[in-house]
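Each of the next two complexes has chain A plus one more chain, namely chain B in the first and chain C in the second.
Then we have the complex of A and B:
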């Protein structure tokens, strides 16, 4: 906790954005370990992969676009400070009457949770309770989250996408060659690592039923592998592997896959996202449903991350032409 | 299939959005979007019918019963909002194809429709759900797509406007999330109905008080209520015309819905109006909003800015109706919600037509437009009259009910102030009329023609709706009354 507070202050004081991003990564990692200490392994895993991993990478690309120095503030934000202090103290005031952490009589452990803990094994048959809450009891929320990510990807596309031309590719290739030779050792190491990262992503994807993991984390890890490859081998090589409009379709497919699981149960006369409609055996249906929707989430997350990353990076490599 | 209508309401536009990416031709995408939105409108009509005859419709997602799973709970209030949102969205979409051809580069058209559908689905989702966390998820969908839609505006300032909105909107959403988290901690449930039953037990704790404060402030940010309105004028002014018409008519309405839902249904009337000086606070802020924003509107030279400030003022009226906290007051708020959607939909869509023809909505470019674009300008005038509250328009109906509600409570000075606020509306509407009809046309603009039919038809649908619901108030008043009675726990 002390580390967390210290890093937070450092982030605010730092003027160099590169250092700030590194510190943010550390902050993500620290809060992940904090979550582990509080026995929220799934949250910790997500925080580690998203907070410490992918968002650091994305911000690095962003400052590559904008430059790393912060503009000095022109005015003293005293009013803002007052508002923040007021909000903070209100929050602390609110904590005064909270039940103690870990208290068994606290309402959160008394009302909804017991059924999740006691019955989810019979009802859904998945050992990881977090997964059954996420993917079955509250499947619609998770669907919403997947759509949020899809929306973010579409938003970035709508705002940042630039048209590429073949001759630009060739030009940039020439520029890239000397730079890439400097990074010979990382390139070889990464080349060896990438298959393992991808494999790990698949493990996380399909192991979500039994341990911490699932579509969100897997998608992010998968995307991180592609980022690494792109950073070291250059945009144009990556573009040869991954086609922009294909990846858009892929993102859409992920959402559709998730949604169509719901539609299938609708057509079978059950409620939306009632997986028991998917197979004769209700528990088997739950299994199949969770597997499919996690896959949908994974596809959406991975392809959206790649969309965002590519569009940021494209902005850098292909300076925008005046359109209108 | 009838039993599945609540979920189809949201799922149809939501699933249509990714499907758009598979259609390549922009015209096809537009038609597809229009059909999806039209279907949503149809569903909302049937739902309203269902709710009005049989009462609240409940739908359990995933087949899990309520506090464990997520449920959709559609009562009169939600059905009313669903109808407003999907109707406006469908009408506005008629003009979309023509309008965005001029305002958005061709390679972004498909993405525009994807985002539009996501935004629609997000708002419908917020209104339909009976789960507090689900509200947040759909709030994120609709907000994220809104930021992107606003930033698509032709003007470079659209980016800055969208950024401002993004920061304010995110703070608002985070506040709401903190509030929901605190509520969950105190009650162990996220279901609204369940929350309303379990909150009174812990109502005296400081944690619940904090949760309430955070939720209300967060919603008020989204609502653009008077001191927190700074993001709204620029966001509306620089967004593409279609987006402005859609958002102005729906987005703030959804926020009002949330305000009503959380204060009345979740926290309960007795808690909401006793723990904070909410009544007097909202009354003062609402009235201040009316006057400050109306006065600001008078000094604007960009007509979109002008009507954006007028929107803030109209939100003020709704807040005043809310603060009365009687059945009559709430009815007036709900009526104004419906009516304001009609007015602002018509006005901003007509401005879209002007934008299409002359490429600007600066006040001085309106010179002579009264003769060059007679039908469009007539629409703006009727919309303006409705905004003022002239009899035979919807604006009159809602102001009438609002004044009655206020007087019923014995707040005479407030009633007078509301009428004074309408006078300010006369001033800003008159400025447009004066320039459009009584100034000669600018040199070199003789070739300007009337707007194309794809604009005129949806604009006039909305204008005629303004008049129709101003004369025949059965539908709107009946539903609004039933909704507010059920919120006060009286059976209609």
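Then we have the complex of A and C:
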């Protein structure tokens, strides 16, 4: 915990944005290990792949586009400090009423949690309670979140997409070839690693019922493998391997798959996302429903992350021509 | 007695550090970093509340009676992924601002805006 605070303060003082982003990666990794200590293995998994991996990468691409030096001028740090200290002390005053950390009698543990812990095995048949709450009890929420992620991906697409031209590709190729020949060792090592990363992503995707994991984590890991590939072999190679419009289709397909599971149960006369409609045996239906929904989430997350990354990187490689 | 609230205080400190970065720094990327720190402090707050002393990770197994609360885990898990998607959107906006104004410093942007009208 103290480490986290230290890193956060270091971020305030650093002027060089590259160093700030590296510190942010460390911060993500530290908070992931804190989540493990707090028994939240699923959350730690997500934070490690998102906070320490993907977000660092995205920020790096962004500062490559915007420049890394921060202006020294600050507006009225004293006023800001006063506001911050005032708000902070109010919040600390608020915590004095809170139940102590780790108490089993705290109100938060009395509401719906006992039901999830005691009944989910009979009702859902999945050992990982986090997965059963995520994909079954609160499927409606998760659907909303998948849609938010999809919408953010579309927003990035709308803001940053550039129309590519054929002749540009040829030029970039010439630039890329000598550059990528230099890094022989990382290239070979990562070439060997990528299949394992992809395999691990699938394991996380389909093993989410029993251990920590699920669609969100798997999608992020899958996207990370593609990012690695892109960084080593250059954008033009990656574009040849991965078709942009296909990825955009996939992102929409993921959301559609999720939604259609809900519609199927509606058509069968049950409530939205009531999986018992999917199969004669209610627990079997739950299994099928969770599997389909996690698949939808995984596809959406992976393809949205790839869309976001490609659009940032494209912006870098094909600088915008003057308002054409 | 004091240790009982220690986690929440660390959360408050982290949150205020993030808040300070957002209001006191002019650089848009730095502001986004501040927002991420703020966001993570909220995650830590939720996860701290979910912890039960002596409990274990909420994956059902034989012979274990006490589990941590799974509900906050679910909420935060999805919030992290949604957070990175919205962060990406914010970064995309910053990139567009850089292209339109040639700078991502708040003051320079405002100066340019004032010159225009």
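Everything that follows uses one rule, which is that the second predicted complex is superposed on the first by the 319 of 324 C-alpha atoms of A that agree within 3 Å, B and C clash if a C-alpha of one lies under 4 Å from a C-alpha of the other, contacts with A are read in each partner's own complex, and residues count from 1 in each chain.
The rule is simple: a residue touches a chain if its C-beta (ideal position, glycine included) is under 8 Å from a C-beta of that chain, and two chains touch if they have at least 3 such contacts.
Since we're looking at a predicted model, the values are computed, not measured.
K.L.:
Should A:270 be classified as contacting the first partner (chain B), the second (chain C), both, or neither?
P.N.:
The first partner, chain B, only.
K.L.:
Between chain B (first) and chain C (second), which, if any, makes contact with A:147: first, second, both or neither?
P.N.:
first
K.L.:
May I ask you to decide whether A:31 touches chain B, chain C, both, or neither, giving the answer as first, second, both or neither?
P.N.:
In the superposed model, A:31 contacts chain C only, not chain B.
K.L.:
May I ask you to decide whether A:62 touches chain B, chain C, both, or neither, giving the answer as first, second, both or neither?
P.N.:
So A:62 only meets chain C here.
K.L.:
Can A:205 be said to touch chain B (first), chain C (second), both, or neither?
P.N.:
So A:205 meets neither chain B nor chain C here.
K.L.:
One more residue to check, A:113. First (chain B), second (chain C), both or neither?
P.N.:
Both chain B and chain C are touched by A:113.
K.L.:
Regarding the shared-chain residue A:303, is it in contact with chain B (first), chain C (second), both, or neither?
P.N.:
Neither: A:303 stays clear of chain B and chain C.
K.L.:
Applying the document's definition of touching, compare chain B and chain C: which contacts more of chain A?
P.N.:
With both complexes superposed on chain A, more residues of chain A are touched by C.
K.L.:
Quick check on the superposed pair: does A:256 touch chain B, chain C, both, or neither? Answer first, second, both or neither.
P.N.:
first
K.L.:
Would you check which partner chain A:230 touches, where first means chain B only, second means chain C only, and both and neither mean what they say?
P.N.:
Neither: A:230 stays clear of chain B and chain C.
K.L.:
Which residues form the common part of the chain A surface touched by chain B and by chain C?
P.N.:
91, 95-96, 98, 106, 108-109, 112-113, 116, 138, 141, 145, 148, 152, 155-156, 159
K.L.:
Contact residues on chain A for chain B in the complex?
P.N.:
Chain A reaches chain B through residues 90-91, 93-99, 106-113, 115-116, 136-141, 144-145, 147-148, 150-152, 154-159, 161, 163, 248-249, 251-253, 255-256, 259-260, 262-263, 266, 270-276, 323-324.
K.L.:
List the residues on chain C that touch chain A in their complex, please.
P.N.:
Spelled out, the residues of chain C in touch with chain A are 3-10, 12-21, 23-30, 32-33, 36-37, 40, 43-44, 47-61, 66-74, 76-78, 80-89, 91-96, 98-99, 104-108.
K.L.:
Would you pull the chain B residues touching chain A in the complex into a rising list?
P.N.:
Residue list for chain B touching chain A: 4, 7, 11, 14-15, 17-19, 21-22, 59-64, 67-70, 105, 107-108, 111-112, 114-115, 118, 121, 125, 131, 133-134, 137-138, 140-141, 144-145, 147-148, 151-152, 154, 159, 178, 182, 184-190, 198, 202, 205-211, 213-214.
K.L.:
Touching chain C in the complex: which residues of chain A?
P.N.:
1-2, 4-5, 8-9, 11-12, 17, 20-21, 24, 27-28, 31, 34-35, 38-43, 46-47, 50-51, 54-55, 58-59, 62-63, 65-67, 70-71, 73-77, 80-81, 83-85, 87-88, 91-92, 95-96, 98, 100-104, 106, 108-109, 112-113, 116-117, 120-121, 127-130, 133-134, 138, 141-142, 145, 148-149, 152-153, 155-156, 159-160, 210-212, 214, 216, 219-220, 301, 304-305, 308, 311-312, 315, 320
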